[in-house]
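I have a structure here, written as structure tokens, and I will follow up with some questions on it.
First chain written, first letter: the chains are A, B, C and D, and each begins at residue 1.
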Amino acid sequence: MTADVARGREAIAWVREFSPVLDGHVRSVLSDGAIDGRKVAVVVHLEAKTAFLALVLAEAGADVVVAGSNPHTTNGDVVAALRADGLQVLAHEDAGIAQWEQDLIRVADTHPELIIDDGAELTIRMAKHRPHAFTALRGVSEETTTGTARLEAMHSAGSLPFPTLTANNARCKHLFDNRYGTGQTTIQSILRLTNRQFAGATVAIIGYGWVGTGIAAYAKALGARVAVVEVDEVRALEAYMDGHEVGRTADVLPKADFVITATGGVRAIGAPEFASLKPGAILANAGHHDLEIDVPALGTGREVRPQLTSHNLGDKQISLLSHGALVNIAGGSGHPVEIMDLSFAVQGLGCHYLASHDLPAGVHVLPKELDDSIAAARLAAAGIRLDQLQPYQLDDVSEWIG
Amino acid sequence: MTADVARGREAIAWVREFSPVLDGHVRSVLSDGAIDGRKVAVVVHLEAKTAFLALVLAEAGADVVVAGSNPHTTNGDVVAALRADGLQVLAHEDAGIAQWEQDLIRVADTHPELIIDDGAELTIRMAKHRPHAFTALRGVSEETTTGTARLEAMHSAGSLPFPTLTANNARCKHLFDNRYGTGQTTIQSILRLTNRQFAGATVAIIGYGWVGTGIAAYAKALGARVAVVEVDEVRALEAYMDGHEVGRTADVLPKADFVITATGGVRAIGAPEFASLKPGAILANAGHHDLEIDVPALGTGREVRPQLTSHNLGDKQISLLSHGALVNIAGGSGHPVEIMDLSFAVQGLGCHYLASHDLPAGVHVLPKELDDSIAAARLAAAGIRLDQLQPYQLDDVSEWIG
Amino acid sequence: MTADVARGREAIAWVREFSPVLDGHVRSVLSDGAIDGRKVAVVVHLEAKTAFLALVLAEAGADVVVAGSNPHTTNGDVVAALRADGLQVLAHEDAGIAQWEQDLIRVADTHPELIIDDGAELTIRMAKHRPHAFTALRGVSEETTTGTARLEAMHSAGSLPFPTLTANNARCKHLFDNRYGTGQTTIQSILRLTNRQFAGATVAIIGYGWVGTGIAAYAKALGARVAVVEVDEVRALEAYMDGHEVGRTADVLPKADFVITATGGVRAIGAPEFASLKPGAILANAGHHDLEIDVPALGTGREVRPQLTSHNLGDKQISLLSHGALVNIAGGSGHPVEIMDLSFAVQGLGCHYLASHDLPAGVHVLPKELDDSIAAARLAAAGIRLDQLQPYQLDDVSEWIG
Amino acid sequence: MTADVARGREAIAWVREFSPVLDGHVRSVLSDGAIDGRKVAVVVHLEAKTAFLALVLAEAGADVVVAGSNPHTTNGDVVAALRADGLQVLAHEDAGIAQWEQDLIRVADTHPELIIDDGAELTIRMAKHRPHAFTALRGVSEETTTGTARLEAMHSAGSLPFPTLTANNARCKHLFDNRYGTGQTTIQSILRLTNRQFAGATVAIIGYGWVGTGIAAYAKALGARVAVVEVDEVRALEAYMDGHEVGRTADVLPKADFVITATGGVRAIGAPEFASLKPGAILANAGHHDLEIDVPALGTGREVRPQLTSHNLGDKQISLLSHGALVNIAGGSGHPVEIMDLSFAVQGLGCHYLASHDLPAGVHVLPKELDDSIAAARLAAAGIRLDQLQPYQLDDVSEWIG
């Protein structure tokens, strides 16, 4: 199927229709000229929602260069539409790893001042391969927990010479994106790819952070019995109080019909854990890139449905979804539009904030008032008004401390 | 994409893996020879789950002829696989209405003795166009509420000369299929086709029968505010007690982001109701064929995403999913495998029962013990054992009635 | 504490405030004189909600005699208030069994024409002890499943010479009373009597009919892991699809922190099942009178909190709530007001229907239009209006059956 | 009813049975002698759970003096049991405010070294009335958000000369206590005190912090339509995404059957908001002492049920629960045992930590490893074991940062 500008534009227009914060509040903040003429690299999964963010930045005068944060998630129609609108796009649909890496280096060679990054994929490559361009960066606004961890490691090592903002620590990002966005879309992707149901099934979730909590809540709501594996004691207790079964992989995997990884780390399950799996179990990853399931240890699979491969483990067959990549992105359309409206508003305002303030080097959080302004804009778009806190509603302790 | 036997066989093998009742209990019951040599027509949405039912019947000796119950839902790979296994298939992928109707007449002309029908689509056409073959039928096992209503109307009119079984009145069908099956799959299809979220959205559901109840429960579980329109007072009160908002279309539609029809009747919403819609509202049908939304009254639409058309209603744009056809089938893969294992077990045992018993003409229900045997087989496949009711656990009223 | 008329009246006034159906629609139907001058016995748990029903009947001209359906649930303040309003009350707060039985015989001796009964407690005693008064009865409107089973047994034995109405088969009774009423109140009573929590606990539910389903849904919603014991295969499969664990008592009891009986039969659990209990387990009954837990087999207990007795079973201690009586009534205030407004509306209209129609002997159901009228009145009281079904919304099959 | 030592001891024994963390892990930590001989004041709602904490401290050698943190919540049986075990108790059941304040001063005069405080009630009074004893304090472990705010205000004003620990910032406290504890018990108290139901009702919740979130989730789970008032934009958006209606008091109160305050501040609703209330509305407070509902503005009420007063507001009657005090404590039994096992473990370990470490003056948080140890002990008591994080499961960024 050849790339189609009109189809790409329709997809972006659909996103715009349900993105009142980007389309209103963010556009308004960006209109002050702070990013006008700046070279801004946008390196996020390259589909319609990302495209709309790039267009909003471009309309505010930024010189935008766009690439994908993952070789498998670039949409050709969207690339065509962006190019038709005059943006520089250095990405290929269905790129291999090598092509994708090369595209990122090409982005580095455009000498961006600001980056909107995902997993710090561009930032770390610039650090390694284009040190001069790296040092010249004015700032990076990072999307994910993983990317933030990388930036913090660089900062700890004294290797981060510019300020960065971590979107994930903004409440308008992590409160909504991880739970509602990943929760809903992970499950809808799994159900669609398998034509199975959760009612009555046992779903094991490895990792009970924000993402795992969201997936677990949705799975339970859809009728699954949820079993959680978590190494942190307090989170494990939270899973227990949420009514889920809690245990080790060795306890949980033998009964699981579906196993979903969401640890945010790497190699959550591999050969030793596979030995515990029930025959017919289905594995999906909702956490860290394609690193949580040890795919090589599964051996070569046979595709039995789109994005569903069957693997022979000697004593049993198990199935893997989307080759272990993020199932809600590789096997679906990623986050809902409404969620990305909030997350990209954090990124858009973050980019603007980096352009208009001189922050020290390091990893920073978007100021609370900007974070709040996003929620306020979203509520206003839904026609919701709030009361104001009144001075007499504050607890007064002055009488005790005179 | 050309039809591929191997791909069709993989899809059917996947269904078999998660269909323990059809693959075990039903196969066992059918092995007594009762349908051996019988001409059985299977007219249900022609995809992998239906194909597995047809194969089970064929392996029991039936002379199976297969067609689709809907012009849009026939899967070419599956047709190819069935034909490769020697079954007669009179269906075309992406048939137009005319071709599909012609295929059904061709099925009638094979003179089936038994029909497994969906919506009574074959039965009513045989009544009208092939009266001799119709009169010669031994029995029909019908899948849906709509089809049952049609058979009952025929019976009331004195036009049903043979016995029929209504699968929908079996507990193993209606308790699970409508709520869990349609509930889950309707919502996963809507979310996928729109890339939207339910968290925070208002979802209007027209009709609060088994299907509407299931959709409402899943929508609420996914974070939607649910508003229900229902003409039956007791069902409306049930919706109210379930925590949903309840009202007339005129009350409910102006605030709905999504509108889902599930009345089981026809023309649930049309021009007068469209006038109440909120701009940007998304319409989907989960009820009766493509008859619940008055699609012609929406005028010609513009496709903005796959199976999503935008319609200009003068003062606003609204979107329609899957052209008003059943969104979980036309825009998804229909019911989960586990659900159809139960529903098709009802059909398989129903077909066997019609073949081996002489029932009077009319609309019958599968005997309770057969219905129970399906649930028992499903539980056994899940490794679940039950206690037996003990005589001393029955309330004894004999002392009072001398 | 001596009985207090004022306190009783306040309690009844509270009930009236949230009983719009009894106070409006039922009062209006009863005003036609059909029960004027009739002797009506009301034998239901004698607290404020029952009292309000009795007063509505009395205000319509009935000659009402009131007694309790259980020795332990009669409220002295309410009795005093009813007597102050001129009603005949044959009941004692904290009656023993003997006193309670004697009170019922005294009711029989008033020669009632109509009975509103609960568990058929008065009806069966009249059959046995006052056969002439029994034979002279015009009709009985029965509240519960248990009572209905008793009436049907009498009818099967040819021993029921008058018509009866079974409230439980009215949709306005069983759809709401069992699930919402018993569900909510059983759980709130258990939590209050124990000061424990359900978040994280395992709750075993014996019986998955309407009552057990409601309790299970509420328990799960409060964070419990729910395990269900059920002898009916289809219900067991429903529990499984609802996401609960399903098994035999021997599988389920060893892990249960709470065990709730809801079979509607007798002796759901006794000595053999007690052997499987986890130390510290808490037993409560939500089903049939005080007959579902074999209390004598627990031996004498030690009261450690109000209505909570600890029993030494040799190798472990377990706790019993409310001495095995219905925990939501004996250990709480019974159904919520809103639920009894519906259920007693069924009873009030049932009593009126028996008085104004000549039905054959047997067990009947309230006509659908009366049932519907109750729901309509309740919705109207909540300010809710419904659309009307339009003729063009019916599926037309006439073209096929010409 | 006279105080009864045996009854008090039974109540405390019940608490102990379901407090494995206090009874095991905490007892073990405290056995090192660090608090042996120390004068420790325990000033928390004085009922059985608090009593068990006091006994654990005393058994570790502390010289414990106990008082209540609220005049209305002291249980006489429990006081008698503690005294019979040799503890000094300076509290009276049903004390008036004056008596209660006087009791606190008496505690101050015992010159405690360490305080386990609730709302900082003792600490602030010592600061004002017993400055010398105040200055001599070694440390305070505080239970609540409100108390923490008070301590922080004192610290900001330079008036806090010793270290304090804020239990509420421990994850084992705030993750469980506010959501599960207050959520469940607030709702069970409201339902019991009113004999009403939530199914179908509209419940307004003022404040969507941890407590409001918990109440809202439980209310929704019980079938209520939930409407939230919140002044913080992000929390308001969270409520919206959780599927609740969100708005101003003026939008929300006119439709609310129940109104629950949970802001943590003062005067959440008063005369202007009362004007918006629906007739018959029921008000309850789950937040800050008895300060969230402006009770004087309601005028004198008439008691119509225990702890339920009816107030005439001219054009309508409304009802107030528990006189505006915390409805789950004043109208119930406070938090479940399991929750207080965790919260009091935080307090017990906090007291031990203050005794064995020299912290600077100010407001501190319990070290993470102690917090984690509580969760670990709780899980172990439930028989749950966890996997350990493996080194190879950490994302390695070293390759990027050379």
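Please note the rule applied: contacts are C-beta pairs under 8 Å (C-beta built on N, C-alpha and C of every residue); 3 or more make two chains touch, one makes a residue touch a chain.
The structure displayed is predicted, hence computed values, not measured ones.
Following the contact convention of this document, C, D is the list of chains adjacent to both chain A and chain B.
Summarising the inter-chain layout, the chain whose CA centre lies farthest from the centre of chain A is C. Each of A-D and C-D has its own count of C-beta contacts, and the greater count is at A-D. Separating the centre of chain B from that of chain D, both taken as means of CA atoms, is a distance of 52 Å. Each chain gets a centre from the mean of its Cα atoms; for chain C and chain D, those two points are 37 Å apart.
Among the residues of chain B, those in touch with two or more other chains are 176, 180, 199-200, 223, 240-241, 382. Contacts from chain B toward chain C in the complex involve residues 124-125, 127-128, 146, 149-150, 153-154, 157, 159, 171-172, 175-176, 180, 229-234, 236-238, 240-241, 246-249, 251, 263-268, 288, 291, 371-373, 375-376, 378-379, 382, 384-389, 392-402.
By the touch criterion stated above, chain B contacts chain D in their complex at residues 199-200, 220, 223-225, 240-245. Chain D meets chain C in the complex at residues 10-11, 13-14, 17-18, 176, 180-181, 184-185, 188, 191-192, 195-200, 218, 221-223, 280, 302-305, 332-334, 336-339, 382.
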